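Below you'll find the structure, written out as structure tokens, and then a few comments.
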């Protein structure tokens, strides 16, 4: 395997990880501040993608589509928070799992009811399509490079938001001591709605960005949701830094595992057996990674020690 | 408010009366639905021991359900193709006998639960939920790519396995078998909840430190509970595979884990009959709502939401109020 | 002179830069109540943790009945005969009072792996549990849900659970906290008798109780024992006056 | 037990002989909710269109949603057989669901007409006199793709499919006909949505063409990403990634891509023309190959009903086997294992106005049967 191919695959893993980060950041934020397990986060991802596809189709503008995804998902998030989620904060994890599972059912079938059963069209905008040549002669799709940049910008933005703004102070306070922020005179209900909507908007943005190179369809959120959970658990729940590192780890493991495991096994087995076993192992790789991390560090890489 | 005991008695009565009525009315599909509910109930009773009494929120119980299913599928597959299961170190043949299949299902589930439990119990809370989910996904993807036993297509067993003295192909006889097992499992769960072990497990959920200071190991207590729980769910998996005469990786999916959990929450967490009532209600809902509209998932979702948000203690809690003090 | 039942030898424990225990040596002899007092943040909880086995000292050793238990778990120490009550109640709140006491009896019996027999109908377990409840005066509340008990009653139950283990030594973390005057008085009387059965290491804020009960007092300040002695010695100790009592006044 | 059933069936047959044109009850188990519902809806709509056109009041259809879950499908089959007492089952989209339902249903003496799935077992060792496949054996379209690759002069193909049985069948089918070398062979994760790594491997492999089998959303993702990657090797695939429902979501990325299918809307015969027009008039959208398969299945059934009584299993089976109906595909006959012998076409994705669709550009295989019929003993 040539070095160029290796670099390209690492870039692919990185890009996949960064996309996971957008999903995971919202999820981990919501868990950190409100202590809520939100299975319906994948639905917000789907809503973002559908909003983007609908608006982009109607207006012809991808950018407008992205804005619609952010706004639509944030709105849906705020609405769900006001109607359902806020009744779940003092319930145990079990109730949260069930209630947000119910939300998945409602969102998925509701979307199918509105948009029909067929996938929608959403494509990479003209000015970002096609490959560019990187130093070293690597041809890499411009859009994927853009995704990496956007993801890193969002990570930077989140860092600044949390460390430098008033909202960030409140979020950090909320993670440490819930009674405390009430005593500080912060409107907790409002804070929670804002954080939830922010998480939703990130999920929606990620859905729209990914939707352009994948398939915008009902149920697209669940596989990503599981991966996002893997990411935040590896990183340590509540930690944005953990989410970023966890996401990149998962992205790299998944991408490189799929390539190298079958190759590595060819040293021991005949090619078709190696391909078959390697592919099976590759699909289990990230879960094995997650189990291993938790066995060694039961609260994730950057989680608060219990 | 109706006393929980009466609710339980009524549930048992329904479990007997509905299938008998179905035989009388020649409605065999109703019996099939009841069998499905009874098997789901067994699986959920298993989870309820870990979850309801031990507080172990496992989102990976599909592993045991699937292992039970595949134990049945693999043994019966070898029996129906007349190929040995293993030739080394000694010859093992497949079988079509339910009791044998159950034994294998139980042994395999126990082993899996021991390993998964020992590793997962290093974590707590959300991490525990997620690590059990991860194990579930591992088994799921493994089963999908396990070409020898059908991969994603799964395995079809053309004729239901046999039980001495019964014609298991007759729906009511197979139901009877599942019902008896359900009663046995219920009895065991009931005795367990009041036993010294149940006492320790119950305390390990509420106050692990306290259990430690009286000289018991709360983790070991929870691990044993997890194994018992996995075994019961595994048995249910073997029955479920026999009901359908079919196994597939779907049995390992996280949605299956979620559904087993839903039965418990729907019926009432930690209550003896919670899983039974929940499974009955879920199967009934699935059947009736499915006939109403293509978009019936929306109604199911709304209903679940209402129960979580407004019905503390599940369906049983809604009818009979807070759990009575044990005495 | 008899050997101490419980003894720490120069234990130290740091959390990062914070030195929560510095070279603490404390002992407990048969028949005595040894009180540990000190202002908030003096390191009392850390000390208890190390004695009971939930925290491991960085240096030093802990001996129980002449046996080095420094590296043993809380569970193992309980089996050797160390009873403990918690400052923040750690009972199974959803269970009945009797069930909590039964748990202690079960731990004492060392036979939790029984899945069929009804624990409530087990004669031995029940006798042990009921006797302990009777001794702390909770026999009338046996069927109540623990969550329904008053604060003071929960403390009594804590003691009862510890008693079911027939401990050789007791570590009590503020048993009087939150009790009314009546309850305090009653518990004081009870502990006064109990010391003959098992000596008590008593960490307590209630000075009346401490002065009424303690044979010896150790004063802990900033993780260090600044004085140990009889009630009178401590009352007149200049360092204690300054570091503790003076501040308190 | 088997004996008892057979005796019962025999008794029933004797008791009813003499009665004419018994009504036929059909149980349709198909996927109508969740992901993949589009395929089931198309099969149902095609089937019901034919039923409606026939005006035959002796045909009663019961439709149920299997949610794409095998266990639900099995239970629905039980329900249809036990409670609804249907004579014929049909509708299943997915191979794994078919494997769960078909053997049990045919063992109980019911007829099963497959409008979509064609797992190799049911064509070979597991074939059954009461099982008729009206679509294709799973390998067929892949075999045609292999044949086309030879024709197009591809010498070094890169092939990929998901890591599950149908994926393995697909690559086996392609290799069965393809004569060139393989630049690479990859099994991807089932449900995978990002193919950047695979596309990078394709780019680096020195292949001259790509064959892929990625049904549903997986294919949409792959094509979009492939287009965007700048790799411009010719791509060949089976029709499953290029049906009418999916194409609109792929958009320009699919333009010009070659795919193989046993049906297209421009096959030139009157039945097909009438079908395409009627489907559009009835449902307001272009039919897909799934819709055509549903339509053909219903017409096959109607043709058998006209000839024989469903209670007379042997006669009805012969009537089905004759396949005496006018197929949207033109010539259509059953092989000895009750699987189709039919032409398989090469299509190209084109844009007609605003709508992406397919155009036939040639025939890959003529009167093609599957590779398993010789293993079938019935």
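As written, the chain order gives the labels A, B, C and D, with residue 1 at the start of each chain.
Note that in this section contacts are C-beta pairs under 8 Å (C-beta built on N, C-alpha and C of every residue); 3 or more make two chains touch, one makes a residue touch a chain.
Worth saying up front: this structure is predicted, and the values here are computed from it rather than measured.
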Required steps from subunit B to subunit D (each step between touching chains, minimum): 1
Given subunit A and subunit D, the chains that contact each of them: B
Farthest chain relative to subunit A (centres taken as mean CA coordinates): C
Between subunit C and subunit A, distance of the C-alpha-averaged centres to the nearest whole Å: 49
Centre distance in Å when subunit C and subunit D are each reduced to the mean of their C-alpha atoms: 75
Distance between chain centroids, defined by C-alpha means - subunit A, subunit B (Å): 32
Distance between chain centroids, defined by C-alpha means - subunit B, subunit C (Å): 43
Multi-partner residues of subunit A (each touching 2 or more other chains): 108-109, 112, 276, 279-280, 283
Residues of subunit C engaged with two or more neighbouring chains: none
Contacts with two or more other chains, residues of subunit D listed in rising order: 33-34, 37, 163, 187, 189-190
Touch relationships between chains, expressed as pairs: A-B, A-D, B-C, B-D
Residues of subunit B that touch subunit A when the two form their complex: 51, 57, 59, 119-120, 122-127, 129-131, 133-135, 137-138, 141-142, 144-147, 254, 258, 261-262, 265, 269, 295-298, 300-305, 308-309
Subunit B to subunit D touching residues, read off their complex: 27-30, 32-33, 36, 141, 144-145, 147, 150-154, 156, 158-159, 167, 169, 171, 240, 244-246, 248, 250-251, 290, 294-297
Residues of subunit C defined as touching subunit B within the complex: 52, 54, 73-76, 78-79, 83-84, 86, 90-96, 99-100, 102-104, 106-120, 122, 125, 143, 145, 161-162, 164-165
In the complex, subunit D residues that touch subunit A: 33-35, 37-38, 41, 163, 185-191, 193-194, 196-198, 200-201, 203-204, 216-218, 220-221, 224-225, 228-230, 245-246, 248-253
Contacting residues of subunit A [partner subunit B, same complex]: 31, 37, 84, 87-88, 91, 93-95, 97-99, 101-106, 108-110, 112-113, 226, 229-230, 233, 237, 276, 279-280, 283-284, 287-288, 290-291, 294-295, 298-300, 303, 306
